[in-house]
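Same chain, two partners: subunit A is paired with subunit B first, then with subunit C.
Moving on to the complex of A and B:
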């Protein structure tokens, strides 16, 4: 892990030293998209297969600095009426889709800037939004890797202190009914805000975890349901924060709009 | 290196053994799950006209697939008859043949009926890179799948992922050439809405057959 942290730090240092302006210079596809480069690197995901390498290589990509705000999602819905909550197909956007909005084209609420993160957005709608922006949802590996950088810019996944800090963050999250604006607080070393302390976030392969049941049936692992699932090993049994994230993802159905679940795009 | 090979082989055997070698599953996960189709809410067609029935159909998913004969298909082409759908990959040593065997058990229950009173069968590959149309043809021939009733589909990763999310099929590449995936058999009605799901490989196919009987015209 020490080696990993060093690699991450070196990469970030190199990035900051050489291309600070290049990062800013990468023009977003649409106005108001703020994204930063997440450098290529390696990390150890929470779950691995015996026989497969534990470390996963992640290519460089650009990631939104914030989760998508209500204002940004409103712009999408206005430009793409097929994704209004009264038009979107029920299979792709369930009854809860944008269910907290005052109407199909009015988020309501008291915040005129609508800088709080959009939630109750189905996975399909999140994907459509990112495509509209010229991007896509991050893979789970990309998201976990980007979110593993601590404030100093080190890859801290697996670091007990970092995980303890994360658990505290998860426990003190704001109520999903009254979310504060995006971009509060201190970004991680890559300049990414709100990865842990605001909302859970959709990933492209959100259903890649074979922890069964959660949300669909009872909890627990039913080996009968899966080919190869019985051979899935957690790489770090003490990474409770990681289990929590993977567990939340495993409960999400994709078609629904969940309170407390938002997203950001990568490019 | 040799040790590693043995370890990998052992891991693969472990993977392939999911089911037959395992202790019997305590609960047989068979249940109707029309709720997955989110029956509420209004829906829209391309033109924007709301159509509540159409909205719950999985056939709203866009995209072009290639079938085992190399023909271009959309999911919407499956419309018109109830379909039994699974997602799997043909290099899987155990679970996929077992899934296909279950589909053939269902097929046998409707044997001798006219095409209008039989379901269709759809296998969508979660391994589009290796499950080329040619490979799917070979698989269909080796499993003796009747081309009149069976469609094997190859499509781009993002389409496969979208369908898997709708069908509640979790999967991922293990990094060893295999895929971990949930074994789910879904019955769609003629419009493409989910009417029944069977999870796991341990239960029978009676519930799926019953669901199809309700959807098919009686001969």
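Moving on to the complex of A and C:
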């Protein structure tokens, strides 16, 4: 298993290199996705939509093994100049979009391989990237379901040991101004890396849950995230790690620019 | 969809709310004057003092307190706090990743005057891992500002409130899981001075208790993560004043002179324990229990609720080391809830003699 993954990574590196040279020619070659199958299954979201069933069925899909790296996103920006930070429409990418790059076509930084995850990416740009790759952003259900698999490959949501491990991971995460490369450490049982210990990740419906009812202030998930309302509708009050994830998601605006938020695609 | 739009939509809804209030007011105002049960004054806001000028609040780190307010009018006070997640010392050889208001535990002390309009800005540092907000108990309004200040890493929010009630109030983070945010150190004090001010004293200090729940037992070296199980069992390994074991001992002891009046602004962040606050070798001349307005005199030990406060005052009559403790006493000597006040100056034998040895506290 491990060896296979290593082979896969070498392949990606080779393809990335070839895509780099293709930029000088005409048609850019898209970097191949290193993705694995997440099998169909069921899981219980921490917060359910009002009236929705407690348990959600998730169809099978393929998911990127890593969050999108700076190298991959640079290839996208070079192939699709409309998403350069100096050209992207302000409505789709805020002033902080790729704000940590040295220039519109140079991520800068000391790491020549640019294997660290891209951040400060707007939701719209993340969607465009995934479409360019022939995929899309995962739904929150898909992301949460895939991230609930532990190292042994079991769905561990609700397992006190898994929750305790996650809390420890969140507390020891690297600060967003010095992110290490993607693919460190041990993947979960599906072969997915970095789901918890690197960056938060965009999902397709990241903000939908805020917009239930007549208005944002009416009802919805954000009410559940403050002590004034309690967290009475959460399905698992012990899932502290889940509260932290949902909390961050609930603060995200589509314009992006957030320093600790990246993404990966599904197919 | 973006943060800007969200804020705008909030203003939109509050504007609608304001219109509804105005409409009700107009309806009431046109009712016959004979109807005494629904006068406009019953329906409108309490009479508020006029605001003059604008200033920026001085914020201090514990044990220090911003200077007393000398204004005799209400003003607009701008307060800017930043939430920062920092790895710091909890005890010798023990580190903890604190979630803070302003970089230290407890959070910065805020001092305003009754009637002031507080324009509050909350920033969440870009290196933060999680979202934060603030619920100030001094706020009259839903959530104490919690919802208005829900702030992701690298973001900034604001809201405005009127400091209607004088007193010493706790503020804290109220993002779920609330207990974890508070357990990680997200609390502080805001003083709303009464219009007439507080009686003059010589020294004011900021002392705030809080407990920490670590995976390792007390003193186990290295970086210690938060323990959910211990927090749930309300069984902390550390109970400390001002964010760490020994924050106010030795070189860091609070300093005063014989004859001075000392005021301690005491808070308790919790998250779980109620403090039995006591100074060994002193009697509080005055206590404002729970940080409110009444004064209790001649108090040995005062209760400080989790999420509450007390103001204690005493005159330092004799020199020596006076030890602040949570008199739930195992917390003091075994878990860290201990701080020192060094009082220097001449002894007065008429008050206390110990047979010739140097005057020293610590006795009981």
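One rule holds in what follows: the second predicted complex is superposed on the first by the 208 of 267 C-alpha atoms of A that agree within 3 Å, B and C clash if a C-alpha of one lies under 4 Å from a C-alpha of the other, contacts with A are read in each partner's own complex, and residues count from 1 in each chain.
Here is the rule we use: a contact is a pair of C-beta atoms (placed from the backbone, for glycine too) under 8 Å apart; a residue touches a chain by one contact, two chains touch by 3 or more.
Everything quoted here is computed from the prediction, not taken from an experiment.
Enquirer: I'd like to know which partner A:93 touches here: subunit B for first, subunit C for second, both or neither.
Expert: Touch status of A:93: first partner only.
Enquirer: Quick check for you: in the superposed arrangement, does A:132 touch first (subunit B), second (subunit C), both or neither?
Expert: In the superposition, A:132 contacts neither subunit B nor subunit C.
Enquirer: Contacts for A:205 in the overlay, against subunit B (first) and subunit C (second): which applies, first, second, both or neither?
Expert: first
Enquirer: Touching A:257, do we find subunit B (first), subunit C (second), both, or neither?
Expert: So A:257 only meets subunit C here.
Enquirer: For A:173, using the defined touch cut-off, is the partner it touches subunit B, subunit C, both, or neither? Pick first, second, both or neither.
Expert: second
Enquirer: Which partner chains sit in contact with A:53 here, subunit B, subunit C, both or neither? Use first/second/both/neither.
Expert: After superposition on chain A, A:53 lies in contact with subunit B alone.
Enquirer: I'd like to know which partner A:244 touches here: subunit B for first, subunit C for second, both or neither.
Expert: second
Enquirer: Common interface residues of subunit A with subunit B and subunit C?
Expert: After superposing on chain A, subunit A residues 94, 207, 216-217, 222, 224-228, 231, 250, 253-255 contact both subunit B and subunit C.
Enquirer: Hey, which residues of subunit A end up touching subunit C in the complex?
Expert: The touching residues are 94, 96, 163-164, 167-168, 170-173, 175-177, 207, 215-217, 222, 224-228, 231, 234, 238, 240, 243-244, 246-248, 250-255, 257-260.
Enquirer: Per the contact definition, I'd like the list of subunit B residues that touch subunit A in the complex.
Expert: Contacts found on subunit B: 4, 7-8, 10-12, 14-19, 22, 25, 27, 29, 36-44, 46, 48, 50, 52, 54-58, 60-61, 92, 94-96, 158, 161-162, 164-166, 168-172, 174-176, 178-184, 193, 199-202.
Enquirer: Which subunit C residues qualify as touching subunit A in the complex?
Expert: 1-6, 9-10, 13, 97, 126-131, 133, 135, 142-144, 146-147, 150-155, 174-178, 180, 215, 223, 225-226, 228-229
Enquirer: Taking the complex as given, what residues does subunit A use to touch subunit B?
Expert: Listed in rising order, the residues of subunit A that touch subunit B are 48-53, 81-82, 85-95, 97, 123-124, 127, 204-210, 212, 216-218, 222-232, 250, 253-256.
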